[in-house]
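Chain IDs A, B and C follow the sequence of writing; residue 1 opens each chain.
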Amino acid sequence: MIVRELELDLDAFEGPFDLLLTLVLKEELDLADVDVAGIVLGFVERLAEREELDLEACGEFLILVSALMELKARGLFPDEEAELAELEPEEAAEELARRLAEYRQMKEAAAWLRERLAGERDRFFRVGPAPLAPEPERRLAPQDPDGLASVLRLLAVAPPEVSLAHMTLHFPPVAQFLERFRALLRSRSMFDFDQEMEGLSRQEQAVAFLALLELRRANQITISQAAPFAPIRIGRTEETGASNERTPAWNLRSA
Amino acid sequence: MEPPLRLVVANPLDRLARTLEALLVVATAPLSLEELCEATEEEKDRVETALGLLAERYGEGRSGIVLEQVAGGWAYRASRDAAEACARLFERPVQRGVSQAAMETLAIVAYLGPCTRPEIARIRGVAADSAVAGLVERGLIAEAGRGDGAGGAVRYRVTPLFERVFGLESLSQLPRLDDLGDDVDAIRERLHAVASQRSA
Amino acid sequence: MEPPLRLVVANPLDRLARTLEALLVVATAPLSLEELCEATEEEKDRVETALGLLAERYGEGRSGIVLEQVAGGWAYRASRDAAEACARLFERPVQRGVSQAAMETLAIVAYLGPCTRPEIARIRGVAADSAVAGLVERGLIAEAGRGDGAGGAVRYRVTPLFERVFGLESLSQLPRLDDLGDDVDAIRERLHAVASQRSA
């Protein structure tokens, strides 16, 4: 199975996984709108249709989807990220459990509502005024014009300042790594991925990895590994040079 | 139920009458004979007979619900005996307040002059459709042409009723907002800037 | 009419019941006991007794009009027997399928409301804007002021229509939160198991 061709049917997005990734990378689709669980479900369903386990596809999928999830988690909880990062594993687990529990309850409540709605299918009632009802006389109390001024003043107050605590965990744009890797391959025919990742934060590494996948997809690099766990080597292809002048080459291809 | 109908439970005319009862209590407009036939999948004659039974059961002086034949068809109304109680229900001299959504919308339209729903939504950060519809219904704002020619969105302005309710002789009497800007354009700009911060 | 009521015409309880019948047939939304007392200028006890009589007369299976207790008040609806005929003529308020996103959003607002879009998004892990807009449009949720005043996001609550559509007498009829998500403890245990491995 080719993971990137996985057809998705989500609230925010419909189409192949591949296109979803591209849109997210180009920041044309907000990850906050994407239901990652829906992607996982779609994949698992496809997987279940097959007789045997496609380990390669599973591996690729896990990497892609975990990168997506990390990006999304950080996007959704920018403020709390710093706090969470400082938590002991037990505390973090408890916090995560609390959130999962809350969502779980709401999911079940939604299921209950759905069932209830189905049960009320044959209950009809009037929505709106009766045909021959008297016209309601809705008198409005005299209002204070200062009320108008004060709501407008409230609307002109800037929202509370966003905590800067998460700035230390800033996510670099993918484009930054695209450029960096292309620049490297202009001066060298090959580089060692792990070496380049040295000193980078975990989220920078995640973004770098996404950039790598993107370059591979656009056939601008080769990726090789002598043995499992051996260093990952990134090499030049003929297209590496060609696309140097025109960065949007992969944009055109993937849009 | 009238005894004759209750005693002969299996009588299909009784069942038809019940179905008509139900249809009439859900309708927001009088139902024509045709509509009643269509909904019940019955012949005109039978529906008319059943309506006759209902008209008798729901007759003035017999029931609080009165079935009436009007221009558009059949509909329930309140009995005349209940007129006073209905008047108390509908003409409650309760002094109605203005919701937060309505107040914000009114303030925007009053201070910034005719504006469209998208602009109101942008400043408030939420869709303005129901707030605008409610204010139009209550006569506090009214349409004032379209913005930027034919294809533009409908613009709204406040009405004389708005001025009366807020005790203003004219809009120039609105409290000043010097702290927000020098003129309408400055205030508008400020509100837009904050709105984009809020949505960021 | 039930014979007991018809035979004793002078019985004021009968008259009260008729007045209630009338009020309920013209009301736009369910009427609370308080509203009924105010409109009829009667004591609670008597109104309750009269409502009991009406509930019996307009019971499911007895009449095409059914009196039900819903959304904090009393209202008529069509009997379930007439559902097919009603469906030919009317749309149910929430006939079209409600998406999973909308249903989860609805559950969150029903249990945790009033709450803001960012709060809903935090719980669901997905932005809630379009789900919220759709629910507002259907009249199932409505604005309920802003959180924390200045610069705050608009908060939402469920509407009486929500209770009506789902046939709830009040929100207290929703299942208790404690009774939902009973596999939560298992999740918690697994997470803690992972955590202790990592910290070891």
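The definition used in the following text is that a contact is a pair of C-beta atoms (placed from the backbone, for glycine too) under 8 Å apart; a residue touches a chain by one contact, two chains touch by 3 or more.
What you see is a predicted model, and the numbers here were worked out from it, not measured in a lab.
Colleague: Going by C-alpha centroids, which chain is farthest from subunit C? Tell me that one.
Modeller: Greatest centre separation from subunit C goes to chain A.
Colleague: Indicate, using Cα centroids, the chain positioned nearest the centre of all protein chains shown.
Modeller: Going by the distance between chain centres and the overall C-alpha centre, it is C.
Colleague: How many angstrom lie between the CA centroids of subunit A and subunit C, rounded to a whole number?
Modeller: Centres of subunit A and subunit C (C-alpha means) sit 35 Å apart.
Colleague: How big is the gap, in whole Å, between where the Cα atoms of subunit B centre and where those of subunit C centre?
Modeller: 20
Colleague: Between subunit A and subunit B, what's the gap in Å when you average each chain's C-alpha atoms?
Modeller: One centre to the other, that is 41 Å.
Colleague: Scan subunit C for residues touching two or more other chains and write them down.
Modeller: In subunit C, 25-27, 76-78, 82, 86, 90, 146, 151 touch at least two other chains.
Colleague: Got the subunit A residues that touch at least 2 other chains?
Modeller: Subunit A, residues with two or more chain partners: 124-130, 132-134, 136, 157-159.
Colleague: In the complex, go through subunit B and note every residue touching subunit C.
Modeller: Interface residues on subunit B, with respect to subunit C: 1-3, 15, 17-23, 25-27, 31, 35, 38-41, 57, 62-65, 76-79, 81-82, 85-86, 88-90, 92, 99-101, 124-127, 129-131, 194, 198.
Colleague: Under the stated contact criterion, what part of subunit A meets subunit B in this complex?
Modeller: Spelled out, the residues of subunit A in touch with subunit B are 124-149, 151-153, 155-159.
Colleague: Show which residues of subunit B lie in contact with subunit A when the two form their complex.
Modeller: Interface residues on subunit B, with respect to subunit A: 22, 25-30, 68, 70, 72, 75-78, 86-87, 90-91, 93-98, 100, 103-104, 106-108, 110-111, 123-124, 138, 140, 165-168, 173-177, 179-180, 187, 190-191, 194-195, 197-198.
Colleague: Going by the contact rule at the top, pick out the subunit A residues touching subunit C in the complex.
Modeller: 11-12, 30, 32-37, 72, 76-77, 88-90, 92-94, 96-97, 99-114, 116-117, 119-130, 132-134, 136, 154, 157-160
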